[in-house]
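Handing you this structure, nothing more for now.
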Amino acid sequence: RLDSFVSISELQEEAKKLLPKMAYDYYASGSNDQITLAENENAFNRIKLVPRSLVDVSKVNTRTKLFGRDISTPILIAPWAMQKMASQRGEIDTVEASKEFNTIMTLSSLSTTSVEDLSNASNGNPGWFQLYVFKDRKISEELVKRAESIGFTALVLTVDTPFLGKRTADFKNSFKLPNGLSLKIFERLMLSNLDGGLNQYFATMIDPSLTWNDLKWLKSITKLPILVKGIMCPKDAELALQYGADGIIVSNHGGRQLDTCPSTIEVLPYISKVVQGKVPLILDGGIRRGTDVLKALAYGANAVCIGRPIIWGLSSGGKDGVLKVLSLLNSELQLAMALTGINKVSDVNNSIIWDQNKYIKL
Amino acid sequence: RLDSFVSISELQEEAKKLLPKMAYDYYASGSNDQITLAENENAFNRIKLVPRSLVDVSKVNTRTKLFGRDISTPILIAPWAMQKMASQRGEIDTVEASKEFNTIMTLSSLSTTSVEDLSNASNGNPGWFQLYVFKDRKISEELVKRAESIGFTALVLTVDTPFLGKRTADFKNSFKLPNGLSLKIFERLMLSNLDGGLNQYFATMIDPSLTWNDLKWLKSITKLPILVKGIMCPKDAELALQYGADGIIVSNHGGRQLDTCPSTIEVLPYISKVVQGKVPLILDGGIRRGTDVLKALAYGANAVCIGRPIIWGLSSGGKDGVLKVLSLLNSELQLAMALTGINKVSDVNNSIIWDQNKYIKL
Amino acid sequence: RLDSFVSISELQEEAKKLLPKMAYDYYASGSNDQITLAENENAFNRIKLVPRSLVDVSKVNTRTKLFGRDISTPILIAPWAMQKMASQRGEIDTVEASKEFNTIMTLSSLSTTSVEDLSNASNGNPGWFQLYVFKDRKISEELVKRAESIGFTALVLTVDTPFLGKRTADFKNSFKLPNGLSLKIFERLMLSNLDGGLNQYFATMIDPSLTWNDLKWLKSITKLPILVKGIMCPKDAELALQYGADGIIVSNHGGRQLDTCPSTIEVLPYISKVVQGKVPLILDGGIRRGTDVLKALAYGANAVCIGRPIIWGLSSGGKDGVLKVLSLLNSELQLAMALTGINKVSDVNNSIIWDQNKYIKL
Amino acid sequence: RLDSFVSISELQEEAKKLLPKMAYDYYASGSNDQITLAENENAFNRIKLVPRSLVDVSKVNTRTKLFGRDISTPILIAPWAMQKMASQRGEIDTVEASKEFNTIMTLSSLSTTSVEDLSNASNGNPGWFQLYVFKDRKISEELVKRAESIGFTALVLTVDTPFLGKRTADFKNSFKLPNGLSLKIFERLMLSNLDGGLNQYFATMIDPSLTWNDLKWLKSITKLPILVKGIMCPKDAELALQYGADGIIVSNHGGRQLDTCPSTIEVLPYISKVVQGKVPLILDGGIRRGTDVLKALAYGANAVCIGRPIIWGLSSGGKDGVLKVLSLLNSELQLAMALTGINKVSDVNNSIIWDQNKYIKL
């Protein structure tokens, strides 16, 4: 049945049919008027790629390297919360698919699977771990140590959520975790109770006083490379480098935090200019087509993360659904590379973006 | 029941259900084709805010000062006419809410409550008083004196209405005040009769020959600070300063006067440049989200006024509805401040507006 | 009943209800995909007027002068064909209304009323006469002489119609004049037969080989001032001056000739720059509001013509309908003048157009 | 019945009614989200033509010359596959119409008629032949020789299809040739089997390793002029000239290959600037009106090809339908030339495009 889907948007429709409204809304929503949510996708559609001809593209390949690891594609899996609302095995399905496709999954702090179970399911190679820092720093410290010890290979520090964004549908639905599910990572830490809703959870537990100095503290308690996720301002990219970030993820949290902030692809070229290849640069937000991936690479990203496409895949077919999404987008990427005359990821640059100012007009 | 609303637009829908068509149309309409009405909102949505990260935002505060008075929020209540069509107690509900929230209400000249009643309801602290100047200057003079004597702390001279704008729906509905209501301020002055419609009322009573010299006259008959409301041209801002205005309100009367004039937020940065902080600068028009408030502050406003949001609140729940609107917008403002790394109103400047020309592109 | 209409668009709806489809379609259509038809209106809506305050506007007046004649308004009546499809008395209704309002009507060459009848109905003061030049120059010469002798005071040479534009609806409806009507002007000249449709009529009768030299010829056979109607290119405005045109009408024939040509208001400022006040400059196309008239004046027009608004008025109420349209638009113009601080037509200039480049931004 | 259609879009509606869904979808679709498909048309609509007046246009003529051959119109017929799904005689109908109208048809490599049959039907003058290069170069060589020997006068090398674009509808419909039809050109070559779908056909048969050097090889095996079809990048136009292309066709394959690439008319002026008249320059994609043809000529094209308009014509009325399309578009072109003051194709240049920067504004 999964074979019949040829685009991410069809998988979204399928997920909408299969999921309870409360879950679908939680997954799909952006904040406020969802202007940034829409812009994340629309901005990609406005960017134009230049077809190139008569380049030998018989051996186009999407393989690439990140932090020294070979992966089959520059398409990674973004951290997203509470995956067991989407499939019974939730995060386990996702990590298995990521392994099979040889790409990297980032586990969300708000996982409905424990880090131990995820580590087991992936034979000790669960990918990256996303971190929210708690008011009680002890908790965060313990979490980091646990993550490091059971095989996570990088930390992703999310910096765009001192407070949770305002998402209308979740208020309307009085969103809470379905019976039987909990935030497993925090179970031992007595932090798994979401009864007051996510917004209150954040207001109570997460530390909004975090500053760049805390990045130093975090580096002092772990050897793992730390990626800072949620950078949208070129000045913050500068600060990230200055304070020792090992990687930068340009993200507006999928349009779920500050509404009317720019799309991620719109700010990427300005952040690339600051980063200049000093650390890996990743973008997420609005990627729905292989051409979107290619555009992000062209503007300087080393890789991209996808959130909702994975959600729709997992909801539509568990592990197989996630695999479907990865292979669908990766084939689209491969085709887009062929049609722009590109053979490998490291050859992509902004010359494939149509910019009339580069040329002289009749 | 008010708890269930999470956005101004839901409150508008509620008000539309509750109000008689004639009242709703009067409140909602703009002039002619309502192009400026729509632009007032749309222009805000096109402006993009830059998220900032890892700033300590644990103590974000919306308090500010205006004419020496401490207020809890830069969100003030615009003068709007005939509030008793919206709730039984009308202006009384609004002033009580403004007091409770510690913000400032401006009473319209076309109030359905007398200045005395408003003063009483607010324990002699009714806020500011909005003025239309009558052909018979005596009347205006008496009004100003009365307003001053019973506790109003500033005058708001509306300068965009030498004649009333053309609002289709009001003609179609043959708009008039419902039985039992009247323009209370003028009762003693025999000016409370609206039978020929508002347009004729203005054409007959209000003085379209007013000039900047009359601002001097007004200053000569009162000690209250005078804000000039309805400035849309940088040159008029210059004149206002030159003729001694104590404050400037950038306003196009909520799109109800000259249709196809610019949105207020579009002209604000050019007027800020003229005013340069010499007097308080206020904007109204189209504010429906906390992010809109923040954008106005970023472009140089010291505060904003809201008209229709208050109307929908008052119509939906009287005093509690007004409080709901104020707290809803103020929380949104607070969250927007946190997500742009801003702790207090006086720290806001235009660096939080995304402007790609500030940065270098890859 | 006419009193209930407050905008041109309502009158258009009314006309649509009252007219046979074939007539309505003929009147309303533009050519091809009607892109220019829509742009004529939309371009006005995108231009923004700057409100001005505290100017004495108690004596705003729309009176103006054209070719030495005092008229009550800068709003003239464009030549449009076959008015008896719209009301029984057709052109007679229109000319009576134009007299009563003290403005100028231009009679179309394709009139369903004879020039003599029109002259009589207007006591020998029928306004201007619009000319198509026939392959047989004798016919045109006779027409010009007749027009001059019975009181027309100017000739309007339409230069945008060497062939008729392609209007889909007229082909679909096999458009022809209803029984009993004919092109009266040409009756004596045996040219009143439209059976092959308008397009064939033009292809057979009208001279597509006309050049600027023929303007000289025309000037040689009449003493009347000649306005050239249908100028859309600044270079043609130059040629018109060079070849002795006494006035220029910027027009794209209401979007009925070359589709995807610019809107008239878009080219006006560039043509004004060429004309520099040397001869009267008139614009038509897309005017539906008083603010549109004001924008045309601001960009250098001395007057405007309106076509379809008059058609809807005539169809809705004969002579009274035409008067309704004139007074409705003229009051809107007057109000727009007041709200931009303008007292008389000759004071209008482009400073009332919002152009952010004139100001400095914060 | 064909007489009743006055625009290409009506013929498209007719074709949609007459064709089986699978065929219609195959013909109509673009790739992915069909953004480029839509842009091809929309970009034309945004370009504005300047009407010119009082030029003698009594003898407007669309005749032109291409590779030394006189043709009646600059409108050629693009190569498109599998025409027998549209009419029983398919390519035969099209070639007969092209002959009768005195224009040029290009036969697709994926023809459902053999080259021999087409040559016979056209008395040995079948026009141009479009080439996909096969992995097995022998096959291509044989094809070229056959084409040359039976009367084709130019080769069109399509360079935008190393792999087939992703067209959703074809996957959904499991697109395949209807029973009884086959790719006739390849019949003798055992390559006519499409059972795995077109995408697999391309992946298996067509050579994605083709480079500019292969253009040299192609030139070495034929004396026919070679046009390179599918150029979208000014740099590729340079390469094409450098490697000896005898003509260039700016094309994005009707929006069927790389989605979100620019419209063809958008890149044309930049490619014209490179080509500078050294070889014939042709554009295809999105032409639906005579004004579109004129715009392409104005930006430097010597001729245009039309794909889908011919498809809708052939589907609606076989050979007569194709003739209808050609004459409809050519009359529109002729009218557009008259209204822009142009008498012959070689007089067209970019001065007829409205560009406000050419003029000075009031």
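Per-chain residue numbering starts at 1, and chain names A, B, C and D are given in the order in which the chains are listed.
We take it that contacts are C-beta pairs under 8 Å (C-beta built on N, C-alpha and C of every residue); 3 or more make two chains touch, one makes a residue touch a chain.
Note that the structure is predicted; figures quoted are calculated from it, not measured.
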Subunit C onto subunit D, rotation angle from CA fit, given as a multiple of 5 degrees: 90
Interface composition of copies subunit B and subunit C: same or different, split at half: different
Far-end chain from subunit B, centres as C-alpha averages: D
Subunit B and subunit C, separation of their C-alpha mean positions in angstrom: 42
Chain centre separation in whole Å, for subunit C relative to subunit A (CA means): 60
Pairs of chains in contact (touch as defined earlier), listed by label: A-B, A-D, B-C, C-D
Sites on subunit C touched by subunit D in the complex: 32-33, 35, 159-160, 162-163, 165-166, 168, 171-172, 207-212, 214-215, 228, 230-236, 239, 252, 257-262, 266-270, 272-273, 299-300, 350
Touching residues (chain side subunit C, partner subunit B) in the complex: 4, 6-7, 44-45, 47-58, 289, 291, 332, 335-336, 338-340, 354, 356, 359-362
